[in-house]
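By letter and in written order, the chains are A, B, C, D and E; residue numbering begins at 1 in each of them.
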Amino acid sequence: MQALLEYAIVGGVLYGIFFGLVAVGLNLIFGVMRIINLAHGEFVILGGFGAYWVSHSLGLNPLWGLPLAALGAVVIGFPLYYAVVPGLQRSRDPEMLSFILFFGLAQIIDAIISLGFGPDQRSLPDEALGGGTISVLGQAFPDSWWVAAGVSVLAILGLWLYLTRTRLGFATRAIMANRDEAYATGISVDKVSAIAFIIGLALAGAAGVFVPYLQGSVGPGIGNSLTTTSFAILIIGSLGNPVGTLFGGLVFGVGSMLMQTFYASWSDLVPYVLLVVIVLVRPQGLFGKAVRHA
Amino acid sequence: MSSEPILTLTNVAKSFGGLQVLSDVNFELKPGEILGLVGPNGSGKTSVINLISGVHQPEAGSIRFDGAEIQRLTPHARVKLGINRSFQVPKCFISMSVRENIEVAAHFSGHNADIPAILDDIGLTGMEATPAASLTANQQKMLDLGRALATGPKLLLVDEIGAGLNPAELTGIADLLKRIAARGISMIVVEHLMEFLNKLTSRVIVLSAGKIIFEGSLEDASHDPEVVTAFFGGAA
Amino acid sequence: MSALLEVDKVEAGYGAVQVLWGCDMVVNKGETVLLLGVNGAGKTTLLRTLVGLQPCRGGTIRLAGEDVTGLGPDARIRRGMAYMSELGVFPTLSIAENLRLGAYGSSNAEARTRAEAMYEMFPALAPKRRHAAGSLSGGQRKMLGLAKALMSGAEMIFMDEPSSGLAPVFVSQVIETLKGVIGGGTSLLIAEQNIAFLELADRGYLMDHGKMAVSGTRAELESSDAVRRAYFGVGAEG
Amino acid sequence: MRESWFKRARAGLITAAVLALVFSLAPNVYNNSSLLFMMMTYIVLSQGLNLLYGFTGYLPFGYVGFFGTGAYATALLVMKLHLPIGLAIAAGPIASMIVALVLGPLLRLSGAYFSIANLAASQILFIVIGNPNLQDITGGPYGVKIDEVYNPTASYAAMVVLVVVVTLIATFFRRSRFGQGLKAMADDPVSAEMSAIPVVRMRLLAWLTSAAVAGLAGALYAWNLSVFYPDAVFTLEISVFAIVFALFGGVGTVLGPIIGAGLLYALYNAIGISEPQYFQLIYGVLIVGLVMFLPEGILSLLTRRGINVF
Amino acid sequence: SAPSVIKIGTLYAGSGNFAVASQAQYKGLQFWAKRVNAEGGVYVKAFNKKIPVKIVAYDDQSSTSTATTLYNQLITQDKVDLVVSDFGSVLTSVAIPLAKEHKMLLIDPTGSSAGFFKEKTDYLADVSIPSSAVWPMPLAKFLEQEHIKKIGIIYGSNDFDGSQADTLKAEFKKIGVTPVFDHAVPTGERNYTVLLHSAAAAHPQALIELGYLPNDVAFLKSLKSSGLHFPFVFTIFPGQFKQLMEKNVGADALKYTYSYPAPPMIKYEKVNLGMNTDQFVTAWGKTHKGAEPNFVNAGGYNAGILMAKAMGTSPKFTQLGMHQALLDMSGKITTVVGAYKLSPTGAQLGQRLPIAQFQPQKDGSLKTVVVYPDSHKTGNAIYPSPAG
């Protein structure tokens, strides 16, 4: 029993950290641009297929999918941002409009993946990320999990440093807090947002590289559930805060694994029940700040 | 008119996240009276209004209005009893026209409001159809006041309605508030501009750091050393 | 004295509504100019247009001789403008972070020194420096907004009603502070209704229905009938 | 002066009559009644969602939860208690209103927090109902089968009635003081309280109405489908479609959701039937294109010209 | 009079959960159509001549509501002569009441939910895979024969996996066996690491995972990378999609795993309708650039030849006539997917799948060794499987 518990917790931590990475890009894009990126999961999948392509067609280590994700985010994100976001922002209700627009985008990406790669799942060789196991507390987990968790922590930490320690990051947070005032402060709102948008996509793609390891495979149909789980995680942690998202991921990961150990068929409930309970107790999420209304 | 107080605050206290914003607040208001509420920024004036109007709940003490305790009532219930307010930061219904803003309040309070008269009072006659979103901040504040008047209040809480107005406009507002008071409506007026308050009332309460440090006439207040340091500064 | 800001026949508005109808204005280096006008005259709109938050539909705006009409607010602010809006702060950021953003273009060290000066100027903010700006009272927000604008160290600062909602004790402090700022060679364009600010001004403009109705030195304004009518009301005390 | 009751309701009555006529006659022209039925279902769902989102600003991402609840309540009452179908259908909206009451505290949240918490709630319902441990009660993953009451004609007629009813409810929201009060709350709840609007109660009322509409739609859908798995009535796709359709047409109006759902759903099928290979791609491109060129929804074509849309 | 073409209506999923299997089935059906048309069409007895067939197909995107409208479109607008349902129980379910309403015979290649076949009907025929109520019988029998009593089961929360688990457990119960580990997991489960650990703690002799294809991939991958070892591991899909699974999870993860081997992995040489397995594989390879067909491809093809046979034998070209023809063939026919046995309620009771084990060869490849039943047996099970 004890061993199972420990195993579930260690596994949950690793899995949860990884899911922090899955969700953090969504958080950034939502926080800065108030864009409900319904295509988030599809961008994650694109990252997964990128890694698959790197590994199968180029014969490289799938980790080369990480720089590829960054490159892809620039190539896709930059024109995409300027094509849709300023227009959205000028509209009356950008948040809601983005909902439809990115729903359409999700359809397009899904279709392109299906046409390009076919409908079936793809996996990556374990050996590429080590193939052995590493133990903590006597609990062995595959190397790939540790690599995924390590990269996730680094990426989220990097994002946190970016947001809190760099001028651009600071400007990014200012835009999240009050877009109009950010303009009035002299921040190049469009440039900073475009960068945030690209970073958000790159993080989604980077998470995708590890999806074949943590989820067994990557296929075109899983975008929706990745998007919804990500939304749950980011709201658990609170909008705008990457560390909050990491924490949200941990809560989700450990919760799911414990549930899976003891009541497997109910484990799907975990993120949702946690989310509902947490926002009812703390309406601004675990890491959010309240502001006054009168 | 009876001289029973229309409003009584007894030992009212409020804090936000460990910060004591108000403590031991006691005062009374007579029917038809205008009370000035002054104090440095952040001293708790808006908080007093929030507690009376029900936007926030006090942690301790009681608030009586018209003979009944009201601190447990919802804000809309207090509006029906006859309490209303304006907001320091205007809060109109920005997707609606000026007229609709007032109509909505009149309808839900069940008060048979004379809308043209109110529009005239707040200086928005001729702008009935203008969307509230395109009013200036000051016009929005006036619209807020109009919305409050439309509910037929007995007690009106006015939060810094004069901020950002020029002397001519201030005189106009002072006249308006006096006219309103003359209809038998009691008022608490939060304001920093002494000339303005002076036109309205002689009785003021001075808050500082959440406590009442002075209660009496405006004239006396400007000689009270504590009030002078906290509120008037060297300019007094 | 050379002109720092030259505004030539500027037009602006919101959607179908035109608000500014050919505004002309000059602010010289080191000068303090007061912008007067009744409620809704277009003061806020003019300031927003000057700093680039509102598109300029006609006319030109020059800063230190350079045409900045087509530039975005970020570019204008980089060239030495700053703007204090009526109510704006970053509600979810702390006071300290708000101040730091005020000095967005400056180095950390510089920002730190200026921030300390601001806490001294507005002692009410000091104990709350780690709190979210969204928790401040109306007047405290105003102070923060003002402090934020002053943090920029810009050459040309636009202020929209810096004193409204401030207690008398702070109004006089603000005026003292601004005197110091003016002494340092900064140009100010202040939309303000508090007569006390007249003592700061070198010159002023009176706006009426989106046009410049009157302009002149302080003395000229004080004796202008139009100003007296608009500002003090007919037959009111002088 | 306020117009008479009839004058205010006129546009709604006309709209309802036109819809009733169109959908009653359509099967004679085009007898794929499933498609017409689904189109009505989406009109109802988009309108029901509009009642909440368009008038209170609360976007229920998990709207499908009420739909599924209604469908399951009806199906289970027929399956387990052998209730007559009429009664079982009446239970649909009741069940979804009970769920809405339980979820009432979610209304304390705002913006994205509400939307996503609501989404979570719908997922919880789905997972619970489809759980194998509850197989004896809900049928679990095996779904439900009530083909003994299967009646496509009658369920079609019932859906026509529901379209009319929902149009009238939306008209009431759009043209009554109640609806105006809701809009006021959406703009500023504190100010709304200060206008004597019982914010909490009215919001709950809008929430319950919207839930009941979805529950009833679900009940009729269950009747029309008669054999289905939990997935079929709880899939998020239903929420997303209802939202996209309503937003696309224009929320806060009566016509918007009707036009949005009618048009986009028709397009969806037109593409699916004519170009099945590139179905998803074309539909996606179309939606993105529409949003980019008509960002305020179809009805903005009119509002932009200053025409006040009903 | 005779129609100029026989219209066969069907749906496939271009995207979504069922896309892989659905497209495989659709390809199988297309393969059949191409072949009959190459021979001048299908022989229809009622008209006593060959008539070309035309497939009318729409994309339902794995969505049941879309599928509903599209089935209806096939029936009411396209007025197809026969309806073939999309893959699996979920996408088949909504077609059942519609078919009944419009008095159309629903040819159901792969919708195997036991729930569909509760009462007698003239409008449903499950033609290509056994009803899930009988599907796991051979597995239960095999475990009994091997005296494996400590059994762990992990299954997906859906009709397909759930009813197999139920059947299996009911069979175990008959011989007094209760699983030592028995967990349903969400159908979308992709992470079995922790679950495998819990299962290992119960020390089962055999671990059976019943899921969809992605579940099996995730399960086998997790098992491989976890370093855990079970003496006997069974999953469903390697036997149907061996190539795909080998590509996805690697031969290493598949070795010693048991599965239901489906044609073409097992061979039916003596068939009396259509091609036998070898012929099928060869023919498929010719039209598909050398690719090997999978079981669902065979299922699609099988649906086609059975329809053709029904049209070729029914004296009247009516739905009821063809249903009767399908019933009359029951028990008399063996095809590429095995013996064909249709019950009056439409359930498929033939075509039981044997049990096979993937045994590693010296050259590193995996050999599919059928270990049960004896009639198909090609070798002995290696039990317990060697660790490492």
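Of note:
Simple rule for what comes next: a contact is a pair of C-beta atoms (placed from the backbone, for glycine too) under 8 Å apart; a residue touches a chain by one contact, two chains touch by 3 or more.
Being a predicted model, the structure only gives us computed values, none of them experimental.
Taken together, subunit D and subunit E share the touching chains A. Taken together, subunit C and subunit D share the touching chains A, B.
The chain with its Cα centre farthest from the Cα centre of subunit C is E. Computed from the mean C-alpha positions, the centre of subunit B lies at a distance of 75 Å from the centre of subunit E. The mean-CA centres of subunit A and subunit E are about 36 angstrom from one another, to the nearest whole unit.
Here the spacing of subunit A and subunit B, counted between their Cα centres, is 48 Å. Across the assembly, subunit E contributes 14-15, 157, 184, 186 as residues in contact with two or more other chains. Across the assembly, subunit A contributes residues 110-111, 114, 265, 268, 293-294 that each touch 2 or more other chains. Residue positions of subunit D touching 2 or more other chains: 127, 131-133, 190, 279-280.
Subunit A meets subunit C in the complex at residues 167, 170-171, 173-174, 176-178, 180-189, 191, 240, 289-292.
Within the complex, the subunit C residues that touch subunit A are 51-53, 72-74, 76-78, 81-83, 85, 88-93, 97, 100-102, 104-105, 132, 134-135, 148, 152. Of all residues in subunit B, only 53-55, 74-76, 79-80, 84-85, 87, 91-96, 100, 103-105, 107-110, 144, 147-148, 150-151 touch subunit D in the complex they form.
The touching residues of subunit A, counted against subunit E in their complex, run 3-4, 7-8, 11-12, 15, 110-111, 114, 119-123, 125-126, 131, 133, 140-142, 144-145, 214-217, 219-222, 225, 256-257, 260-261, 264-265, 267-268. If you check the complex, the residues on subunit A that touch subunit D are 30, 36, 38, 83-84, 87-88, 90-92, 95-97, 99-101, 103-112, 114-115, 224, 228, 231-232, 235, 239, 265-266, 268-269, 271-273, 275-276, 279-280, 283-285, 293-294.
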